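Have a look at the structure that comes next, please.
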Amino acid sequence: MNGGQDIGGMDGFGPVQPEPNEPVFHSQWEKRAFALTLAAGVAGGWNIDMSRFARENRPPNEYLTMSYYQIWFAALEAMLKERALVSDDEIAVGQALKAPKPVSCILRADDVARVLYHGGPTERETKTKPAFKAGDRVRAKMMNPVTHTRLPRYVRGHLGTIDRVIGCHVFPDSNAAGAGENPQWLYTVRFDGGELWGADADPSVTVSVDAWEPYLLPA
Amino acid sequence: MAHAHSHDHDFHHEQGSELSEMQLRTRAIETILLEKGYIEQAAIDELIETYEKKIGPRNGAQVVAKAWVDPKFRKWLLEDGTAAIGSLGFGGRSGNHLVALENTPSLHNMVVCTLCSCYPWAVLGLPPLWYKSAPYRSRAVADPRGVLKDFGIELPKDTEIRVWDSTAELRYMVVPMRPAGTEGWSEEKLAELVTRDSMIGTGFPKSPKDLK
Amino acid sequence: MNGAADMGGMHGFGPVVPEKNEPVFHEEWEGHSFALNMVTGVANLWNIDAFRFKRESLPPPEYLNLSYYGLWTRTLELMMLEYGVATPEELKAGHAIAPFKKASRAVTAADCDNMVRCARPLSRPAPGPALFKVGDKVRAKNMHPKHHTRLPRYTRGHVGEIARIVGCHVFPDSNASNLGEDPHWLYTVRFDGHELWGADSDPTVRVCIEAWEPYLEKP
């Protein structure tokens, strides 16, 4: 979706302001929000693409005002409620009021190290062949889905070059919508700065994105 | 005020405290400008009175009603909105580059300003909040049918929808189609059927039975 | 600039919510905010393009979260500071602090009556012949200026057709930065919805904008 998260190329946010000696978490609740999100994901059975969509799927003015972990937490609440694992009245009183729904799997302390180490690899086997090869000219599609996508607005419609054929990977646009993994060929596509930002752009700049095949057309 | 809020987190839009803060800050500006002699109080009061009470969609309704009964005026209006509208005594601020857009059975016009809130003040007064807010500004150009649904309107699938984004100083008003069952009506009575939204493109005029 | 104001095509803001019997001003201060903006224009303290530029330069979280007239009041404050009409101390105190320079003349109710009733002509003598004629295909430039512009992002790079030659008007990109009126030919340009939003979008939609000649090039 063209939400508050798609801000590549936006102006007005001011300078980058690194915080000296920044702690990993700025407060206790942030630590818990982080851990809860990971642990609940195992029980809740949602995938990372669904998590990302849940984060971006809010009014842009709120997205841009909330802190990083506020957004994580809001997305967590939304996904728990969507799956009827937690309800609004339970959240209001901070206690379970109904019996829990059965889930297939929960994250135990002993599993944490292994689960983190294993991660969530997205490469999949396929019998299909990639449509493009390194060096091919491609055009990023003009598309504006209201659902999750990983093609930022600032590249849409623009001409680039295939830098690398990465492999066949879970396709987020499908996976986030619960339509299955639908793995697609994934490429690194390189764009000239001038192509993206116009004739006055810095000629020494190129930008690359990793784009799945459904995002691309032959040039 | 009408805003869409989500409630699944602890984000607070500080409406209450924003009100008193804005009151104070606006008054500060006014006081400073008065004390420095830039403005007279009467000028401020006159402007508020004018746009709150005097200039509004009734102006545009008169223009539309006249176009409905008078084919020569209609032709003039569509060719030179500024002059035709000016001939009725409406013009001035946001009135010197007026364009009238004709709705037909196959074409529906909608007006927006995605970049800010440009609006034909001279014929419609000040815009409503929804016109100036993010939902309309973001969606009108990309999903006008979806926006019309928010207004409870569904157009035939093959009607062309033309959205006019007011990026310069041209100001647009829509001339909606004349409702059926109004033959022989006076301009004054016809004007009562013309709604503000029908002149923006997010509504239709009232029908005769709505007036009873 | 690619600021928060440039929101054509964004998702996530929810439905349009019209308010029944909406008053012109929701609070008394809003009427004053409105009137103050008008009189500062009549007093010629700054031009409307500079005012719009200042407003859209607000950091996106601020821009997106202020109410409509909150934006006007905030912008007025910033303009008064920038143009030396008030100091930060005066704004904080809520009144003028001596010593200060008095205005040469005050805007009167009659001036405002005049402003409301009379046109503010923006047409200027043409710098040369118009480059395009009605029916010409044109491409909106892929430009990303940091200064004020009225070419919305959703049109940039796209091909449309000249629907009308409006005339020769003050050029906002220049006027907003007080670089002079620099008038240019102004056109109404019509785009197909498919061109702007992609092959899957509503085929019955067309979008028109007004675009000054420097925004356009032959496709």
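Which chain is which? They are A, B and C, in the order written, and residues in each are numbered from 1.
Here, a residue touches a chain if its C-beta (ideal position, glycine included) is under 8 Å from a C-beta of that chain, and two chains touch if they have at least 3 such contacts.
Only a predicted model underlies this, so the values are computations on that prediction, with no experimental measurement involved.
Asks: Taking the mean of each chain's Cα atoms, which chain ends up nearest the overall Cα mean?
Replies: That would be C.
Asks: When contacts are scored as defined above, which chain pair ends up with more C-beta pairs, A-C or A-B?
Replies: By number of C-beta pairs in contact, A-C is the larger.
Asks: Quick check for the class: compute each chain's Cα centroid; which one is farthest from the centroid of chain B?
Replies: Following the centroid criterion, the farthest chain would be A.
Asks: Need the CA-centroid distance for the pair chain B / chain C, whole Å please.
Replies: 17
Asks: Measuring centre to centre with CA averages, how many angstrom lie between chain A and chain C?
Replies: 34
Asks: Once you find the CA centre of chain A and the CA centre of chain B, what distance in Å lies between them?
Replies: 39
Asks: Please list all residues of chain C that touch 2 or more other chains.
Replies: Those would be 7, 9-11, 13-14, 56, 64-65, 196-197, 201.
Asks: Could you say which residues in chain A touch two or more other chains, in rising order?
Replies: 2, 58-61, 65, 144
Asks: Which positions in chain B touch two or more other chains at once?
Replies: Within chain B, the residues that touch at least two other chains are 4, 134, 138, 142.
Asks: With touch defined as at the start, can you tell me which chain C residues reach chain B in the complex?
Replies: Listed in rising order, the residues of chain C that touch chain B are 5-11, 13-19, 22, 24-29, 31-36, 38-40, 42-43, 45, 52, 55-56, 64-65, 67-70, 73, 76-77, 80, 85-86, 90-96, 100-103, 105-109, 111-113, 115-122, 150-152, 154, 166, 169, 172, 186, 188, 190, 196-197, 201-202, 204-212.
Asks: Considering the complex alone, what residue numbers of chain C touch chain A?
Replies: Within the complex, chain C contacts chain A at residues 1-4, 7, 9-14, 56-61, 63-65, 141-146, 153, 157-158, 195-201.
Asks: Mind pulling up the chain A residues that touch chain B in the complex?
Replies: Where chain A meets chain B, its residues are 2, 58-62, 65-66, 70, 73-74, 77-78, 81, 144.
Asks: Can you check the complex and tell me which residues of chain A touch chain C?
Replies: Residues 1-4, 7, 9-14, 56-61, 63-65, 141-144, 146, 153, 157-158, 195-201 of chain A touch chain C in their complex.
Asks: Using the touch rule from the top, collect the residues of chain B that touch chain A in their complex.
Replies: Against chain A, the touching part of chain B is residues 4-6, 8-11, 134, 138, 142.
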